[in-house]
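Written out below as structure tokens is the structure these notes cover.
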């Protein structure tokens, strides 16, 4: 205590106090601000849309236009539906960085689920589109994993690899890995066809088909998936296997050969 | 003799041998071969304790191998075949595979390591020179062989009796043809098999996901659908052969986005049906980018533009993907208006 | 040590059992004469001389595990419904080949391990052969009298590639089926005979019902049978020629220095077999290979991205991937250059390395035997050619994995393909020039080392203030090792007029030979090794300092 009071008059004391005050204010704002918006949860549908519109004006309108009509920087959002918003914002793809490469990557999501729901409600109000799927639609109950595998190999594996490890598309674009992607987002991606991915609407790929596919993915690329043979080596097939065989297989054998052929330590004459 | 005597007994003899091999130091030619350097002893050669340590090491390795083999047998008998274990950092793996592989690996490796350690530390390490001898025979042997051959050839009279020689060569040359003829049974002649698929006028396009015939309103812009001809069942004997040619990729474009006139003519309200089989070497090509309308082949990266007659825009494919002409039947289902007009899949000599 | 009378009584009366069996066998097989020549045969010690053993042992491991796999594998393409223990494929239609491979992987105890050992050993076998071949190439071990053995080895490598490929295709999974489809497309591209060969190979249209059974007999009988024969011949020639050795004191073209087969090499080489087997078994315990259950059964209308063959076919895959799509139509025929050129190039690139020994011996005109190995730097043109060849091969491998390079290095697949296209032409040229310069630089360094000694790193100040680094003269052993290599003189076009004054025509091949010889051994293409006179002059000069 004594020490503190002694330093009170230090020339830098004011600066320190100012910094502490700023940090405290920022921290308090961070703690309370989202909570304040989350209250919108309990209000009526129209209020949700209103809140969503506000969020839209701040985070989305600069590219997609003030009324979601689209601009040179972003496509029209009329009719894309709530599912598209839930996918794009929920996986962190939207809002996109201003300078993007060949495609918009997924990144850390900066909105709460409640905010995403508000945004989705607002976009859905602009024109009819696929709605956010319910847990019953993408949950594992009643799914046929084997049928899902067959569907996955017909519709998905060509871009996303046998077990959803991802793959290359043209000119720097890519089909992302499906590892750790929430079932809901996979369902929404099939429904809405984000970016260059084609959509697989219910008219050509039934709800049951989608459920089966998600169940298959969970079986072969989930956190509990067994790779009986050992290291998966990325699940990418012969390229990584070949590298492994060269580096660890032949590499180990050459190391052994060096030992076999090396001269044994000689007794030093002294 | 006791093992203790070995080093002492060997020491002088080896050193003599080594000294004997050293060449005479050459004042005239400093680059001359000085001969094998004198042999130096290993620790194990002069220190019996070190040799004992080596011996124990070898025995230990062989013992570990025995234990590992026992471990293998026990693992084989005890571990359930479907047991999964988590091994950091490998992940969830088969306990059986892991246990059997490691025990077998250790059992084998230790035998090898023991043998090599034994050879390196306890067996003689005196380098010995072995003489080489010319591979080619001496002139006398050469002359003898030539003479023998000429004698044999003369006695056979092969050169003189031309009739025998010529008919024998003829017979030997013809007889393998029987074998070649038998290879004919390997497969049929190509005929026009590669030119036709199962598609024909009036065949409905059946969605591969749902096994239901497709209607135009099912196919949305930006979506991707795969279809097969009506009447093809997965359980059919020739399913694989038929689907290898008939597999179809269906997308819907805005009609004003279609740049190729024939493509537009053969489409139905912007719905276009292309062969799913790459024209390069036949991979099922279907990496469809709905914004660029490009399809990429995952095997060799041929890229086709579906909005421009599926023209090749990159990669090793030599020609566009064949398009199937489609329309709608009286009940409102999408149907083919004929077979593909050109062979699907990889190009071949007779394709033209 | 036992006394003489004792030994005599032994051989007469109760000789040890082993001796009696050997006597029995010798009377029928003549094994003593064989053993006399070989039992104490000398083998030189060097790790790179064991690369061939890696190949031989992995081949034996492949045969052992392969025989086990045939006990359970059904080479049939009959469609069956799967009801084994792997859940995500329950009820799926698949060929018996695929379902029996699933059975081996999940229901046969230890089956998965044997499958994985078999496949890992195959990858290592091919990698081992590649490295072994490069060792032989870069040290000039292919020179007379070993050219035929070089060809045997080359054939083993090529046959190994096709044996591997047919084996990889047997499970009839989605990945290997895609590879077989590619093979069919490549065969179809052959002018005139392509469609017939394809129909004959597949028993009709692709995929048909026959190829698994046919590939099976090729994979387990035809090709390995030939390979086994070639390998035995390869080994017999190694024994017959006796092993090559690196230059060094006491080593000459007339001898081979090392340790005897019995006991040292028996223990080392025999032990090495167990080491190789042990390492591969351990790899099969910890690393998964070719998980066909994750890929699913083959269907010609399904595919996965990242469809690649095993690494040894990656070079061919690369050639196909970066070739532009050329196709010529004329008189009702199609010439599919986009596929056929890579097919031809594949053969040509392999042939280039196979025939190299004959080209070099033609250029040098050297008819003598070579048992002392070259250091790569002392044959700069050969080394540069070898590195250029390896570069072409590696460019092919990169091209074959272009999609994975694109995704993992965040590049455009088109850019990777273009990079590879350019590298195919520029890469080997750059590699050739750079390698040759490095070799010549190393030759210069050896030259200086011989004449001026080894740099000790000790700086000394002379009385008049000059600083010099002390160079320590080399021992005679080192001097000999660094100067014992043979240097060829560049060939010249002989007299164009013979002794009778008649003019002789200089053939084009002679001109070419002289040109090549100058490119190999001309003034700027090798550094003349120091002569005894130079050495003496310099060393005596040092004495005067």
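Order of writing sets the chain letters: A, B and C. Residues in each chain are counted from 1.
Keep in mind that, in the parts below, a contact is a pair of C-beta atoms (placed from the backbone, for glycine too) under 8 Å apart; a residue touches a chain by one contact, two chains touch by 3 or more.
Note that this is a predicted model, so its numbers are computed, not measured.
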Pair sharing more residue contacts (C-beta pairs) when A-B is set against A-C: A-C
Middle chain, criterion being Cα centroid separation: B
Whole-Å gap between the CA centroids of chain B and chain C: 15
Whole-Å gap between the CA centroids of chain A and chain B: 36
Centre-of-Cα separation between chain C and chain A, whole angstrom: 45
Junction residues of chain C - those touching two or more other chains: 106, 112, 116, 268, 271-272, 275-276, 279-280, 283-286, 288, 299, 301-307, 402-403, 413-414
Where chain A touches two or more other chains at once, by residue number: 154, 158-159, 167, 169-170, 175, 227-232, 260, 262-263
Sites on chain B at which at least two other chains make contact: 90, 93-94, 97-98, 101, 116, 120, 125, 208, 226, 284-287, 298, 301, 314
Partner chain B, residues of chain A touching it in the complex: 151, 154-155, 158-159, 167, 169-170, 173, 175, 193, 195-201, 203-206, 209, 224-232, 259-260, 262-267, 269
Interface residues, chain A side, partner chain C - complex: 101-102, 145-146, 148-150, 153-154, 157-163, 165-172, 174-175, 216, 219-220, 227-233, 235-246, 248-250, 252-254, 256-258, 260-263
Chain A-touching residues of chain C, taken from the complex the two chains share: 45-51, 53-54, 87-92, 105-106, 112, 116, 120, 123-124, 127-128, 131, 174-175, 268, 271-272, 275-276, 279-280, 283-291, 294-296, 299, 301-311, 314, 400-404, 406-407, 410-415
Contact set on chain B toward chain A in their complex: 40-47, 84, 90-94, 97-98, 101, 116, 120-121, 125, 207-210, 214, 217-220, 222-226, 251, 284-292, 294, 296, 298, 301, 303, 314
Residue numbers on chain C that touch chain B, as the complex places them: 1, 41-42, 79, 85, 93, 106-107, 109-110, 112-113, 116-117, 145, 178, 181-182, 184-186, 188-196, 198-208, 240-242, 249-260, 263-265, 267-268, 270-286, 288, 299-307, 320-327, 329, 331-339, 342, 369, 371, 402-403, 413-414, 417, 450, 476-477, 479-480, 483-484, 532, 535-536, 539
